[in-house]
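Common to both upcoming complexes is chain A, partnered first by chain B, then by chain C.
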Partner chain A sequence: MGLRWHHFALWGLFAVTLFVLPEFVSRGTLRTLIFANFLAIFAISWDTLSGRTGYISFGHPFLIGIGAYTTAILTKRFDVAMEISIPIAVIATMVGGLIVLLPALRIKGSYFALVTLAMMELIYQLVQVIRPDLTGGTRGMSGLPTLTRGAVNGYYMSVSLMLAIALTTWLVMRTRLGTALSAIGMNEEAVSGSGLSVTKLKMAAFLFSAFIAGLGGAVYIHYLGSIAPRALFDINFVFTIIVAALIGGAGTTVGPIAGAFFLTFLLEYLRPYLPGAERYMVYSGLALILYMAQPKGMWELFFQGIAKFDRLGRRE
Partner chain B sequence: MLQVLIQGLLLSGLYALIAVGFTLIFSVGRVLNLAYGAYLLIGGYTYFYFSQQLGLPKFAGVALAGIIGCALGILKFQLIVRPLKGNHVAIEISTLILAVFLQSVVIFVFGDSSKILLPIIPGVERVAGAAIPFSNLFAAIASWVILISLWLFVRSTHMGRAMQAVSMDAKGAAISGVDATKINMFTWALSGTLGAIAGVFFASYTQLYPGMWVAPLIIAVAVVIVGGIGSIIGTLIVAHIVGFLEILTSAYIAPELRGVFTMLLIIVILVWRPSGLFGREEL
Partner chain C sequence: MSAKLEIRNLVKRFGGLVATNDVSFTVEPGQSIGLIGPNGAGKTTIFSQIMGEHQQSSGDILIDENEISRLSTPQRILAGVSRTYQVPRPFSDMSVAENIRVGLTPDSIWQMITRGPNPDRELELAESVGLAEEQLARLPSELSMGDLRKLEMARTLATAPRMMLLDEVFAGLTVNEIAVISKLVQSMRDDGMTFLIVSHDLKALEPLVDEAIAINQGQLIAEGSYSDVMADKAVRASYLGAE
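What follows is the complex of A and B.
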């Protein structure tokens, strides 16, 4: 796997920094950080499916929503304990991942992106109409049980989950499986020509992505304590997830995390100047410029910067 | 029954008008323009600004919406599509970002709340219990006229045939002396104009609000996917399938389910027959 001691040192440093952070920052900043953590989880999940294999999903909330709604309905309507409902939600989301996989076996590129968009719209409309007594219809549900109380506990929960998911993803992606998934993104025919089963590999990627999405979605709504279809199955939500992964750097593990933190804080710092949704003007404008300048993301820019610095140093 | 027929025809005409600009880009440039819905948004707001806030004549408002849509299409082609040089995924993602950007510009300028657009032609006629606003009738007729003239244009003029050539095989077209960049730019301009004009009608059919670009985008996607690439007649037929499906669903099953069958149609067609019902075989 090519692990070096400095990998663990960097991960350790990152984890320690995040864990001591509540001692230094305000409650408000912590709440922002919690959202950044959840966005990072969703971005990692999107990246596992789309960033690596190149199957761009425009309907990732489809998966997140299955996880979130499963646990919400189980706890609210059937009084199931969260310890049981969250694993069930994760399994349900993985089944959802198989549904997303079906079109990916036949179509790719723009067509696949469109199917996922249609899936998200479909579930958005169905949730409001089919059994509103269970799903809460258009208004959603509130008063769901929460896992933690207070900003500090919520922060520790979200940061542990995010770090666990990030580290697992990072390790998995360093195995031969991860290499094969990235290879699918580059040239699917070549992968199948090398005698690997593309179907099995894609299934692994989709199930893994659905696992993260389901876990993240379920824990997220048990942090919020409420669920609303309009906020969940929203093209702006898709946009935020995709932009976080792309701005940071698709196909890496650190990229989506960096992107999620960058974007969440950008939005938060713009709040005093632009209070409403017009903040997205700066946000999306910046995202567009960054993306057009370097489609591989900030992480790539960072490496290019280091390489340049290195060359300068050697010349002297 | 007659009521369903009339409403279905009116809605389908509007959908055909919405979808045709999207079809053009998808067949000629082979690019999924996710910011297509933003043309409708910008078109609707331009019309609102010029004819309702400044009080210009209504048809001047529609014309200005078309001009701004045209300019937007050219800008989008020059600034986003050309630099990305046929990287389809990158174009899709950057047009999605652009759509959100334009939406927030609209919020910044006009505010978050929805606006009511006065009908282009006031007045309502009642036939067999169905109310026919003249505005919708006009939109349906206009969309038929635009679609038929577009079909004639693509079939019989030099420019139209060049567009067809580029959509079939860009390399072959280049060898025959067709400047693909010029054709592409023309197509983007035409698509922007059509989208912005469709936006005026769509906004007067529903209402004007910053999030209004998503629904028409999905309708356009549905029509193009089910109809297939490169078929204007297919667009017209499928717009009627989608329109009647919605009207029939809301009349006989439940109004809330009106979009569900459209989505199912997209998913089933894409998985079962990716080239669409009337499109060319490819992929």
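What follows is the complex of A and C.
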């Protein structure tokens, strides 16, 4: 895996910084950070599927929604404990991941993106009309059990989950599985021509992505204590996840985290000036400029900056 | 150990077009056969069918007497046959070492996670095709066409083939690069590798093959020693454009 001590030192430093943050920031900022952590989880999940394999999903809330609704229904309607409902939700989401995989065996590119978008729309319509006594229909559900109380505990829960998922993903992607998944995104036929089953690899990517989406979605609604279909299946939510991964640096683990934090704070700081949906115009414009400057994202810009600094240092 | 390839009555139709028309031939273990024919004759289509990238309409493909038609491409590679492509297909954002690593990766998710890469083997494969150690960290975009062909050979060799299908292996190469690739193929032949080679560069192909097979419009028109095939009237008419 080519692990060096400095890798763990950097991860340790990152974790310590995040864990001491509540001592220095307001409760309001902490709530923004909680959302950033969940967005980072969803962006990592999206990146595992789309950033690595090149199968761009426009319907990631389909997976997040399966996780969220499964645990919401089990806890609210059937009084199942969260310790049981969350693992069931994750398994259900992984089954959902296999459903997303099916079109990926036949189609790719914009066709695949459109099918996933249709999947999200389908589940959005279904939760509203099929058994609204279970799903809560258009209004969703409130009064769900919560895992934590207060912003500080919520923050620690979200940051722990995000770090655990990020570190696991980072480690897995450093193995030959990560190399093979990235190879699919570059040339699927050549992967097959190298003796690797592309179907098996795609299944691994889709299941891993669904695992993260299901876990993130389930824990997220047990942080909120409610579920609202309109917010969950909002097209802006999809684009926020995708843009976070893209401008952070698709195909990396740290990129989606950086992108999620950048976008969350950007949207939050724009709120007093642009309270409506116009905020999304500003952030899309900014994302576009960033993307044009460096298609590999902020993470690549960061490395370029370090390389430049290093060259300057050597010259002096 | 070398592999034996048998093609029996192979037919491939694309709608109304018959791309492979009842083609049969055998490549014995350790033998090297040149597959020649004009553009559009159906040479690459035969390669694609052997590798399972295109499913034949009818006919049999056997490796070491075992029918492989129902196997997927990775399973055929596991059976011992690998190919290179007319246009090299490197993984563009990966280094040379990582490109070779993909070929060395076992087709098991569990082993991909638990077994680390083998840099020594990557270097060994790179050097075996004439790539230098300092090139391992380079991106494919930084390589010449000759080095891209070498990289493709290295990635193909990483799958441990017993038979290699080389498609236009000399295309776009300089005279020096052709000499290097020829030497490489010769040394692999000496080690017992079975080859089926497609090339338009007949001069470069001649010393590398024991026999030749000529096809035109999907049909086998001549087979035998290289000189006999080249002297064949039908071959000259179709391939060389002479009566």
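In this section, the second predicted complex is superposed on the first by the 314 of 316 C-alpha atoms of A that agree within 3 Å, B and C clash if a C-alpha of one lies under 4 Å from a C-alpha of the other, contacts with A are read in each partner's own complex, and residues count from 1 in each chain.
Criterion: contacts are C-beta pairs under 8 Å (C-beta built on N, C-alpha and C of every residue); 3 or more make two chains touch, one makes a residue touch a chain.
Everything numeric in this text was worked out from a predicted model, so none of it was measured.
When the two structures are aligned on the shared chain, A:Pro295 is found in touch with chain B, with no touch to chain C.
When both complexes are overlaid on chain A, the residue A:Ala113 reaches chain B alone and has no touch with chain C. Touching more residues of chain A than its counterpart among chain B and chain C is B.
When both complexes are overlaid on chain A, the residue A:Ile88 reaches neither chain B nor chain C. In the superposition on chain A, A:Gln125 makes contact with chain B only, not with chain C.
In the superposed model, A:Met157 lies in contact with neither chain B nor chain C. Once chain A of one complex is fitted onto chain A of the other, the partner contacts of A:Val80 are absent, as it touches neither chain B nor chain C. Residue contacts after overlaying the shared chain place A:Ala15 against neither chain B nor chain C.
Against chain A, the residues of chain C that register as touching in their complex are 51, 53, 72-74, 77-78, 82-83, 85, 89-94, 98, 101-103, 105, 107, 109, 112-117, 155, 158-159. Residues 1-2, 172, 175-177, 179-180, 182-183, 186-187, 189-197, 200-201, 204, 251 of chain A touch chain C in their complex. Across the complex, chain B is touched by residues 54, 56, 58, 102-103, 106-107, 109-111, 113-115, 117-119, 121-122, 125-126, 128-129, 235-236, 238-239, 242-243, 246, 274, 276-281, 283-285, 287-288, 291-292, 295 of chain A. Residues 32, 80, 83-84, 87-90, 92-94, 96-98, 100-101, 103-105, 107-108, 112, 210, 214, 218, 221-222, 225, 254, 256-257, 259-260, 263-264, 266-267, 270-271, 274, 283 of chain B are the ones touching chain A in the complex.
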